[in-house]
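We just call them A, B, C, D and E in the order they show up, numbering each chain from 1.
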Amino acid sequence: ELTGELRIFLDTSNPAPRATMEAMIERFQQQHPDLEIETTVIDREAYKTQIRNFLTADTPDVANWYAANRMKPYVDAGLFEDVSDLWAEAEISDNLGSTKGALTIDGKQWGVPYTYYQWGVYYRKDIFDELGLSEPTTWKEELANCQKIIDSGRTCYTIGTKFLWTAGGWFDYLNMRTNGFDFHQQLANGEISWEDDRVKQTFANWKQLIDMGAFIDNHQTYSWQEALPFMVKGDAAAYLMGNFAVAPLREAGLSDDQLDFYQFVAINPDVELAEDAPTDTFHIPANALNKEAARAFLRFVVSADEQTEINNGSNLGQLPVNAQSSVDADKFLQQGFNMLSSNSPGGIAQFWDRDAPAEMAKVSMEGFQEFMVKPDNADKILAKLERARTRIYDQ
Amino acid sequence: MTGVTLNQTIKRYGQTQVIHGIDLQIEDGEFCVFVGPSGCGKSTLLRMIAGLEETSEGVIHIGARDVTHMDPAKRGVAMVFQTYALYPHMSVAENMGFGLRMNGVPKGEIEKKVQEASNILKLDQYLKRKPKALSGGQRQRVAIGRAIVRGPEVFLFDEPLSNLDAELRVEMRVEIARLHQEIGATMIYVTHDQVEAMTMADKIVVLRDGRIEQVGAPMDLYRDPDNRFVAGFIGSPAMNFLECDFADGHVTHPALSRPLPVAASVPAGLSKVTLGVRPEHIKIDRSGDTCTVDLTEALGGVSYTYLLTPNGDKLIVEEREDQRSATGERIGISVQPERVMVFDPETGLRFR
Amino acid sequence: MFPKPIEKQPRAAQITYQAMLPLALLLWLGPLLAVALFSVKPEADFTNANYWGMPSSFEGAFNYGQVFFNSDMPRYLLNSFFITVPTVIGAVALSCMTGFALGIYKFKSNLWIFFMFVAGNFVPFQILMVPVRDLTLELGLYNTKTGLVLFHIAFQTGFCTLFMRNFIRALPFELIEAARVEGISEWRIFWYVVLPLMKPAIAALSVLIFTFIWNDYFWAVVLTQGAESQPVTAGITSFNAQFRAAYQLMSAGSIVAALPPVAMFFLMQKHFIAGLTLGAVK
Amino acid sequence: MTVSAELDSESWFHRNQQRIAPWLFLAPGLLFFLFYVIIPVFQSFNLSLYEWDGLGAAEYVGFRNYEDLYWEFSDRDAFYISLKNNLIWLLLYLAAIPAGLFIALFLNQTVKGIRLYKSLFFFPFVISQVVVGLVFTWFYDPTFGLLNEFLGLFGMGPLNVLGDERFVTYGIIFAGLWPQTAYCMILYLTGLNAVDPEQIEAGRLDGAKGFRMLWHIILPQLRPATFIAFVVTIIGALRSFDLISIMTQGGPFGSSRVLAYYMFEVALSEYGFRMGYGAAIAVILFLIMLCFIAYFLWSMYREERRH
Amino acid sequence: MTGVTLNQTIKRYGQTQVIHGIDLQIEDGEFCVFVGPSGCGKSTLLRMIAGLEETSEGVIHIGARDVTHMDPAKRGVAMVFQTYALYPHMSVAENMGFGLRMNGVPKGEIEKKVQEASNILKLDQYLKRKPKALSGGQRQRVAIGRAIVRGPEVFLFDEPLSNLDAELRVEMRVEIARLHQEIGATMIYVTHDQVEAMTMADKIVVLRDGRIEQVGAPMDLYRDPDNRFVAGFIGSPAMNFLECDFADGHVTHPALSRPLPVAASVPAGLSKVTLGVRPEHIKIDRSGDTCTVDLTEALGGVSYTYLLTPNGDKLIVEEREDQRSATGERIGISVQPERVMVFDPETGLRFR
């Protein structure tokens, strides 16, 4: 039986996820009544800087984070516990195979996933209907649709790039559709010049949208939440976003009749479709004091039942990582699940700021933001990114 | 003609009236000194003439011009302040030339005038210095220079020497007096220093509580004051006052060995009067024994003897160096009848 | 007085001035008034784009209720108090002593030590960020109020010393000499003679430091995380993350966060201004 | 010094009281200050020669961080922008001084209720910069901000101040000027109180009026207030962090960064953790500030000499 | 016996020496006044005696004890400062009792002593007040009371009255003199006020540039100064000095109608001497015409006449009220030979 103290740090500061997590921890508590669990929820943005500090001092026993490159610095610094032992257990190895890669560095696993979600285009079905549009599948259709939307006095896409990463989403898709998953990963790994013609092609595609006025104005001053009302009010018809956007859109009053989803269209027919599906994870800091309880907690989180529970529509509203869990009947989750499992032959990316090293991610997303505001600066921006690349990967 | 005339001038601060209808005529080229106890309105009156305080009622003329509501800069007056009020960031020359500069006088002319003034005041070698680098006396001279440069018709001084130490004060006093002789402008001078008033003034105006008590030449006020206030105020050490019985043209007081005849015409029926006699007019009579010597102070050339009269009144007697009394000694005093003054004990008015 | 007193000017000028005062104030405090207005509006006003009109209904109680009962705000406020008050006490206490030492005694390094305090007070504090964070981590005080308090005390000591030393310098030195002639020990001179005379300075400095520390944001971000130790300035950002785009709540939260130093200023105005002009440097 | 033959029975401590006492009084404050302020300054200098991610071991790289800064500068990258913005801050922030003076002159009257007005005008200085930042973010908001409503009245705008790299820095500085002006205002108000009335009167007699009176007679006397206002404004400009952090996070695309924010971003933010690099930026910032510190200490030294 | 003895005391600040080997003997119970121009070292010397400044060289005895390097508190001295140095946060009684309290004297005893002192100084009714609520004179009295309470052997005063206005100064001066008579302790008093020095001192020490010029009783210094500096320093208005030719026991000067015989023994071969004569010892000779009246100042009882001698020297003459000269008048002067002093024009030493 587990005793002692278990300190959990979470970044799920938005009301719904926060409640979900707290409920889950409560269930774990009931299983282990003698364990003293202390939960600290930190603002999502602040968490990203503070994880550095608390991994080295005042360390919790469990902390959530993100997969792939985002966890690499901590793994390299020896601040995350190697949990390969958990992954060796049948329960996990059998059911969590699809996400293992995202959690593996140097052949070892450094945490467990607890949720993931699809990205794609959420759109106002009622507006599409009104304009007689249907879900596009090709770049040409996409552009045509967009033109019609614009002609109707709306913009096609809402977006808020104040915190930069939303622009990263657009870049992910445009680049993966233009140049393919592998190219995209090589770019993230610094193996390809930003001044490569293929990259330029991606930007050229992007520019088509920008030039026709597809994005809302002033997006650089909005956070992603602040960009929601444009869609809610019908000023914008679509939003390239993660599935977590559904909840606030519904809250804001959009019914499922008004809201729908389609996979980002193909651009280059020669490349296979690949998707963004960021995986959120739990880790045990290397300096944790109660690793036994922490491991138990991680096992608990990935168990099929908990996965079903926390990812269902009334909670996180995302996809469970355990193959044994059931996906909520929610139409977006179903569509997403299908898309990721059957229509993503190219591969699954984590997200630009998780795949690229932090510094590169920062510089490049700034570049994306700038590009979206001043598309004519493309060459200058790419030159700058190229300079950053040579410096960052050099070290 | 640039005298200054005040006609029924009144000054009020809100409800309180501090100057109560002053009439005063200061002649062209006269050196007029305002004296009086602190708070009597000397500065206020001066500042009304300067235009720094509004005149609530009445009329002020400078020369033939009615200046009552004129801008200070237009009145043709210059003022020297107690704290000098030099501009600390300007050099001596700049300080002196500032007023002209503000009035658009050409540079060359300013320089010439500054040069002239600094010649008069022997400030030539300090023209480049800042006021901070000057001694008190030099600063005061610059302040005066600033006034001279503007060539005003009337100079106003508000206790210009009270921030200087005793020695410098004497020096500057003489200098201002000389300046007055040299340039001959009308000057109005506020002070509460006895000596300054006596030595510098052509005319002294004694103020009390916003009213004029007496106007006159210094020695006239000293010899022939109108009332007890002026008599006590002018002269140092101050006049001695003794409350005496009066009868038959004679006053009696325990300190006096016998009744003293007085020439003043005291109204009939008055049995008490105040007798005033200056310290230098009392002679010590070593054969008498009406008073006790309380203390003596020898200052070299002169010494002051503090006496206690039988009824506890105090008297100060000035003695020349050769005579000297010892503490505790019992002595008498004698007074020449023509040297004493007689005042109404109620109103303080002098009976002549 | 400059400019010329308005009561000495024509009636028309007086009336214009009297009328301009409130207008100017309104303009000057406009942004703040807007926030106050926001904080009593119902949410509906924002969705209906009624940003600047009158509130369609008065929801002050509800909004502020949300702030106090449905967020971490009260905790942040408490944290701020527990950070600010000990800092004020500590910094003032230390600087009374350093100010006394530097203001009263003549010794060779006096001026240099004083200048060190002054220079230290002026460094862009960002340069301290990394080392201080490491030091705090090493001391095991990261993410504690104590860690923040200790640093604040140390950093404010620079400014407070400048302030106190100059104040003590202005005291008549004869007081200390008189006490020395009377055979009073140095410690007692400090305690019985100088300290009582420093009351005004202590009051002024306390108020000043209170606002400085209360309003600190940078160090709160660098040295703390989470609601258990962060002060309200840092807290308000996560509060805003929680209620993003709920302008009425963000406004109410901001008002609540701004209130204590404002109240302090109003209560202790005289001291506050004395402090600013005496010490005169932030 | 000749030592007196007569030695008292007093303790050594008692005899040397006056020599020891200052050090005892200084000790606590001095130690605190050394550990938290002085030593860290030198540590930062040292750290700027290392490359360190805050997690593993630090690697000595000599002046490479500075070299990188140089390249960033010559490439007109983030460091160049930060430096440039810092200079803009330094220059424009000084506008708080005349603005403060103007308001102080406006309020330097004795009409009824003026005290309350003065304190209300002082408000912006007392509230946290975080709140100021929020307030101005809304003020500038491109959709509903008061600024655009206002511009709309004159048929201008709309302007997305915080979203436009041409305006963003000026927008933030303007927000910063608000509390800073209030600060300068209070300094000038107290300064005006201390203006020698006799000098004003002397000026009136000399025929100086209005602006000329202000320029020739009042301003020179306000020098101490101006000096202090200058010092605090410079420091404020160089330390500017809160507003940028709250209002733009350095954006859009990094165009509103200043050194203080950039070093935080590099060293401690989400995508950062290049401690050595951050330290190098801090050192540059420190060196800029050093000019002003030196000037300030020098003028203080002169002041001390005079006493 | 609690006199104060200074033996070759020297004070240096860094490199500069400000007190140059002073030898001085102050008797038990004596009232000794230090005078001298500003910056001459009066305060420094006093503070060395108090122990507030280290003595660089030499020895100071209080009574029989060598106090040169003793703690101020142990010397049995009490000091009254120019600025009073009252603790503003303590009441009058607390101020007076503070030293005793800090030295562990029991409460009852403190109260008794404070009571005694306040009786002497008539401060009884103010004991509860804070210094702020007292007038300048009362504050000074409290400062003295604080000194008395400690029952010191030596009282030290550093210009205690210079912050009071003229009237109060006279009053307090008398009071301190009386206090000295009452308690009879040794007192050392620094001032630069002529009158205070002359009236209060048993012994005046005239300092110049850190050296003693002369020590003696007030009237001795006045009548019989050792040198030109002392002669010029003591007495107001100051003594007149004329550079004269000397031959055959007579001095000649253009202002004098004929050579003046002097009794002083001037060294042989000296052909120039400085003649000193006080303003009150010059008589105006209306029949003469050697001098021009530059300016006259009438103060009432006495008036000063400023004369210009033919060679441009200046002279001040004191006249009694009855005689008076007019500006520009040409007059002669006469001096009684026994009233003049003769000084060495180089060293300033007096030839007796």
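The criterion applied here is as follows: a contact is a pair of C-beta atoms (placed from the backbone, for glycine too) under 8 Å apart; a residue touches a chain by one contact, two chains touch by 3 or more.
Everything numeric here is computed off the predicted structure, so don't read it as measured data.
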Legend entry - Lowest number of touching-chain links that must be crossed from subunit A to subunit E: 2
Legend entry - Which of C-E and C-D has more C-beta contact pairs: C-D
Inset, instruction - Would you mind reporting the rotation angle for the C-alpha fit of subunit B onto subunit E, rounded to the nearest 5 degrees? - result: 175
Inset, instruction - Round to the nearest whole Å and give the separation of the Cα centres of subunit B and subunit C. - result: 55
Legend entry - Inter-centroid spacing, subunit C versus subunit A (mean Cα positions, whole Å): 41
Inset, instruction - Quick one: report the Å distance separating subunit B from subunit E, using the average Cα coordinate of each chain. - result: 28
Inset, instruction - Check each residue of subunit E and list the ones that touch at least two other chains. - result: 71, 74
Legend entry - Multi-chain contact residues (two or more partners), subunit C: 133, 185, 221, 237
Legend entry - Residues of subunit A whose C-beta touches two or more other chains: 45, 49, 56
Legend entry - subunit C residues touching subunit D - in the complex, by the definition given at the top: 1-3, 5-7, 14, 17-18, 21, 24-25, 28-32, 34-35, 38, 49, 51-52, 94-95, 97-98, 100-102, 104-105, 107, 110-111, 113, 115-120, 122-133, 135, 150-151, 153-155, 157-158, 161, 185-187, 190, 211, 214-215, 217-218, 221-222, 233, 236-237, 240, 247, 250, 254, 257-258, 261-262, 264-266, 269, 273, 276-277, 280-282
Legend entry - Complex interface listing, subunit B residues touching subunit D: 47, 50-52, 72-73, 77-79, 81-83, 85-90, 98-99, 102-103, 146, 150
Inset, instruction - Write out the stretch or stretches of subunit B touching subunit E in their complex. - result: 170, 174, 177-178, 194-195, 198-199, 218-219, 222, 234-236, 278-280, 295, 297-302, 318, 321
Legend entry - Of all residues in subunit D, those that touch subunit B in their complex: 196, 198-199, 201-209, 212, 216-217, 220-221, 223
Inset, instruction - Using the touch definition up top, name the residues of subunit C that touch subunit A in the complex. - result: 47, 133, 137, 140, 142-144, 221, 225-228, 234, 237-238, 241-242, 244-245
